[in-house]
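Labels for the chains are A, B, C and D, by order of writing; each one numbers its residues from 1.
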Amino acid sequence: MTTSSQAAGSKLDYKEFDQARRYQARLVREYYANMYNAIKNGAKVAYAYVMGNPIELLMVFDIVPVYPEVTSLQISYKGGAPELISAAEEFGYSTDCCGYVKMGIGALLKGGDTVIGKIPKPDILFLGYSGCQVYIHWWEQLKYLFKTPVVTVDVPYYRDFNGHVYNHDILYVTKQLEDVVIPKLEEISGKRFDEERLKEIVYYSREAWRYWREALQMGKLVPSPIDAYFEAIYYMSVITLIRGTPEAVEFYKFLVDELRRRYEAGVGPTEREDFRIVFEGVPNYPFFKRFWGLFKRWNARAVASTYPKVAGLVDVGAFRLNPDKPIESLAEYMIHAYCNWNMIYRLRLLERYVEEYKADGVVIHSIKSCRSFSMGHGDLREYFVKERDIPALLIDSDHVDPRYYAEAQLRNRIDAFFEELSIRKGVEV
Amino acid sequence: MSRVSAQLSSLEIFRQWYEDSFTEFKLVSEWKDVNAGYALGYFPVYFPVEIPYSFNALPVALYGAEGRINLDIAIAHTQSFVCTICKSVFQLGAEDRLKAFDVLAFSNICDVARNLSGIMKRNLVDKEIVYLHFPIHNDTPLAIKYLVDEYKRLIDVLENVTGIKYDEERLRDSIKQFNEKRRLVKRLMKIRREKPWLIPFTEFYVVVKAGSVMPVEMFNKLVSKYLREVGSRRVRPADRLRILIKGNFCEQPPLMYMKTIEDAGAYIIEDESLIGQYWIGEVDLDGDPLVSLAKAYVENPSPLTVRFHPSIDKQEYIKREIRDKKIEGALFLSPKFCEPSLYDYVIYKKALDDIHFPYLHLEYEETTSSFEHLRTMVETFVESIMFD
Amino acid sequence: MVYTVGIDVGTRNTKIAILDNGYELVYTGFRKTGYDFNKAAKEIYMDALNATGLREGDIDYIVATGFGRYRVDFRDINVTDITSAARGANLLYPGTRSVLDIGAGNTRVSRIDERGKVVKFASTEKCAAGGGGFLEKIAYYTGFRIDEIGKVAVKSANPVEISTVCSVLAESEVINLITQDVPMEDILMGAHLSIVGRVITTLRRVGLEPELTLTGGLVLNPAIVKALKAKLGVDVNASNELYYAGAIGAARLGYIRLVKKGLVRS
Amino acid sequence: MARYYVAGIDAGSTYTKAALMDDENNLIGTAITMTGVRINQAADKVFEMVLSKTGVSRSDVKFVVGTGYGRFKITFGDTQVTEISCHAKGAHYLFPKTRTVLDMGGQDTKAIRVNEKGEVIDFVMNDKCAAGTGRFIEGAAKALGLELSQVGPISLTSKNPTKISSTCAVFAESEVLEQLAWGHSIEDILYGVHLSIANRTIGLLRRVGIVPEITFTGGVSLNDGMAKALEDLLKMKVNRSPLTMYCGAIGAALFANERLMIKQKVV
């Protein structure tokens, strides 16, 4: 507990150790500026998903990827979700449809006007399907609404309960990229495929993934210098938006360095580290800071979590990008997005986190919008509590729709969970 | 069994299998005993039933329990925003009511069903569970090759479970039987299209649902008999609205729900409730039967909500259906929380708005026990179209 | 003189209307339904005859509508309350093109033509249901009578936002607001706005066209009317008579039937 | 004679309850009042009520713990504990062999697993969907024109309970009226309602594991129909007593004594 007493420094001190978040924000701003610039100069816009997408390929053709999931979460973080959701619901989408889908479509129905600026219209819909069936329906809606062509990559579910990735899966994805996707992208962009450029981009991607993994694994330190959920959600934007660039590599090097400095100075994202938790599930964006606050007041740090790895399960070595075999290694990467794993494998992963990161308990946040993430959460909870005697809490709200966030209800459950953990751990609160 | 069957009308036998298909599966076990066979239960919507059948494994669709059992264990495992068919199939497994099945099969129809495969595996550790990935990239030949590889994986599982070696000829025979079955179901559908008063929807439903569980030869024989019976019926046609129903392809509305719709003044000319039983159509008997089965899926020109096909136009399709089948109104029935159904609704609805065609959207659950709201909505719908 | 009767057997109250010649309102009345629908219909029918001095033989046609329409054993025909409310709204406000009926649970919205025929209609989604029933609960928690809350709510200058979709959870939210000492009128107006927020989605789904007429149990609630105006930016027809829109419309449809059958000349 | 007293106040959505205890964890008295719109006033009132009932003076009460949804509003309280921890402790106090607690109140349903010391080892609460909560029973009572207190006893006379599967509280009234229209008797409908709520509740209990003894607490524990439905479906007895609705307050008082002990040790 010596480190925690050192940590009781003033707030100002911590700011010095919280530079990566600002750095990240700057990179995101630059990403948008570059995006708008490129569009102005005639670049084609591809709508793409975060999970398991080979954006490296789009970059080769100078096609600009826009991520409606990312714009939706940013809009809802800034309070702009309700009007877009209403627009989509009035158009005919049910309350039971995914909030991301409704926001994305709502934004287009409103001509792209949102609280974070104008969302560009897509020239193509890049369906690098991984882990989420709703993705398919989302692009299909846009295809009918705006007659936008879809470029499809079919990524099979990681479905074997014994951990095999079937050879025909990798072959199928690789062949699609080589035989169908690349020619289509050549046609759309009017550019020839340049394999050397792809190799270079994949190289930078690999390096970015490597340092990002190192940062995430620092959650194993006691106390953890990182909140591997709430903070990691900020940091993950770089791997999502601009991997494959030297800037991304620089950022993650900086992050690793900052975390190391935090550890040495004994500071961290909460005043002390009373509880170490593993976090599963999608965050709540409209009330992100308040939601985080419900954990902060108990001095709880997430030491590991799954959500920041939706773009790729980097930290457990599920995939390795290889500049020498760029397409095949991208195909493997695409299969290993978190939600593309079957429930047995997701459970094993969480179990591994609890052990390797010495966690006291598991917090599972379910959201109605994303059944891909949330279906099975009851079993995850049951497994930890009944078979492993590890306290686990299941709570629910939504990632973008503020109508499903009930703070008093959440606080009651979270407080009771930490009361339970306090007794177990003998922590005086 | 055949002795008993002789004394019963074909409809009574359908009823027996229908009743058996929710929670009991006693007839499935009996069939296994008599035929030294196996059984494969599959989650809707579509499954290549021909393959297990060629391994002497009875393919049975698991369409949920229609509110016939308590869902307490399922409620303990799934959140309230999970659809009811997932809950009831889980509950059947948790209560050990699926013990007749040697293999359970799932596929990528939606995120909930997909994750259910793993949840079933965790809770029924010893059960053989197979998950098939049906391709979505259906406008390339790669998809056919891929699906054949998936079918080969299914064959590996079946060879393991049954100890029977895969035999191309037997698969071809199986396809022949199921082709016949689908032809017969389509004949029933044709009668409903031309003279819907001859077969009430609820009866049609019982017959086809029975066909999703009973051995195919038996079904084919009985339907032929049943068709003769129907042909001799004298029923006065009623003045009712010809409607098309979409959205109920997986979780099934209770029979009373569909009856209420017809009673409120409609004839259900076409619906999707058991679409998986006939959607694949006629499978080619020439060449490699696995390739034929895969092709029938990948190249099938009629839309299926749970299959993404980049080059099929659902909007043109529904407009054509309305024209060709003289439909007067469309009902969209979405199972509560069923995202695929809710998304397709918007695509179809937009097409109907463009041609000013009347439609109504309603929600249901397989456990729905109140029908007054439904009756009011459908009656109003009928009143608004029929009367001035 | 042609007398047609409309009886609207709702889950809470049974309403009656008598029309003369299909347009002149002779009588309206209501009473509690209870759980014998036919009895409630009979009793209110007798009340109406007594009050107007009409005899059973004077009545030319009886149309039943509402939840208990099939139970009225002395009806000539029955129609649904959506069909009848549309006709009623049309008779009282001929410019009506959209009808909104906020019920205890379900809310129904229809778009109608110039004759009062329903063109398109929908009800709120299951998870977004709960109008009148929700307000009753809110009245209970805030300690007001149900007929007071609308009057208190309209005084609010800063209504709170109650965004929950499910009205049962919205109740919890209201309870929490009470613990935070938020002024009552702001909570109450927030509650009304939340109902209207849920309803508007459905209104827009059927394509809102003015004039908008409110029917059913909440026509006399000024806060609902204010909230509708605020959120939609259009005027709302709301008056005491519209409480009887279903019964009036049913009586009107009875008259139309008689004309169709050639029993009266229009 | 006790050296001092402690109190627990449970501010629930409908009722506020108080429990007074001496320094040796003997329950001295309880009191209950409507919560109404001013929670601090209700808490104050119920505290005064229990004091005057027991003749204990306010200054002899050394520690007050608040619980319930309004716990942060209890201005004279020394600290707050969630009602989950309090119900667990209270149930264990009343029935020491309790291993599972079911608390059905106005806003939430909770299933809690406790150890032999009455500490929470696991708990779950209903999720966002309010289907299957006690609220459905209120709606059913309303549809039938009955007082809430009549519902349980009437349902006990049912011979052939009606099957009711939709338990969304918003539609309770129309659901019940429709069953009535189908010709089912009131007692059969009511028991059907209790069974279907019990069924969903058992789903919640299963998440923590159903380990006897089960203690049924909260406002709905007073409903005999609900208790019977639970016992019928669980095929085991559930503990209840006139004090189970005070479980939260009793648990809070026990926490007060515990806190006081720790504080004294520190001093």
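By definition in this document, a residue touches a chain if its C-beta (ideal position, glycine included) is under 8 Å from a C-beta of that chain, and two chains touch if they have at least 3 such contacts.
Keep in mind it's a predicted model, so treat the numbers as computed, not measured.
Undergrad: Give the chain pair that accounts for the most C-beta pairs in contact.
TA: Chains A-B share more contact pairs than any other pair.
Undergrad: So what's the Cα centroid distance for chain B and chain D, whole Å?
TA: That pair's centroid distance is 45 Å.
Undergrad: Centroid from C-alpha atoms only, then distance chain C to chain D, rounded to Å. What do you get?
TA: 38
Undergrad: Measuring from the mean C-alpha position of chain A to the mean C-alpha position of chain D, what distance in angstrom results?
TA: Measuring from centre to centre gives 40 Å for this pair.
Undergrad: At least two other chains touched by the same residue of chain A: list those residues.
TA: Those would be 92, 94, 96, 366, 368, 378, 382, 396, 404, 406, 408-409.
Undergrad: On chain D, where are the residues touching two or more other chains?
TA: Residues 69, 127-129, 171, 174, 181, 207 of chain D touch two or more partner chains.
Undergrad: Would you mind listing the residues of chain C that make contact with two or more other chains?
TA: Within chain C, residues 67, 106, 125-126, 169, 172, 176 contact more than one other chain.
Undergrad: Taking touching chains as linked, do they make an open path (line), a single closed cycle (ring), a hub with spokes (star), an all-linked set (complete), or other?
TA: Topology of touching chains reads as complete, every chain touching all others.
Undergrad: Within their complex, state which residues of chain C touch chain A.
TA: By the definition above, chain C touches chain A via 125, 127-128, 163-165, 169, 172-173, 176, 200-201, 204-205.
Undergrad: Using the touch definition from the top, list the residues of chain D that touch chain C in their complex.
TA: Residues 13, 36-37, 39, 69-70, 72-73, 107, 128-130, 133, 135, 139, 143-145, 168-171, 173-174, 177, 180-181.
Undergrad: Quick one: in the complex, what on chain C touches chain D?
TA: Residues 11, 34-35, 37, 67-68, 71, 104-106, 126, 129-130, 133-134, 141-143, 166-169, 172, 175-176, 178-179, 184 of chain C touch chain D in their complex.
Undergrad: Where on chain D is chain A touching in the complex?
TA: Touch list, chain D to chain A: 69, 81-85, 108, 119-125, 127-128, 207-209, 262.
Undergrad: Which bits of chain B are touching chain D when the two form their complex?
TA: Those in contact with chain D are residues 67, 70-76, 79-81, 365, 367-373.
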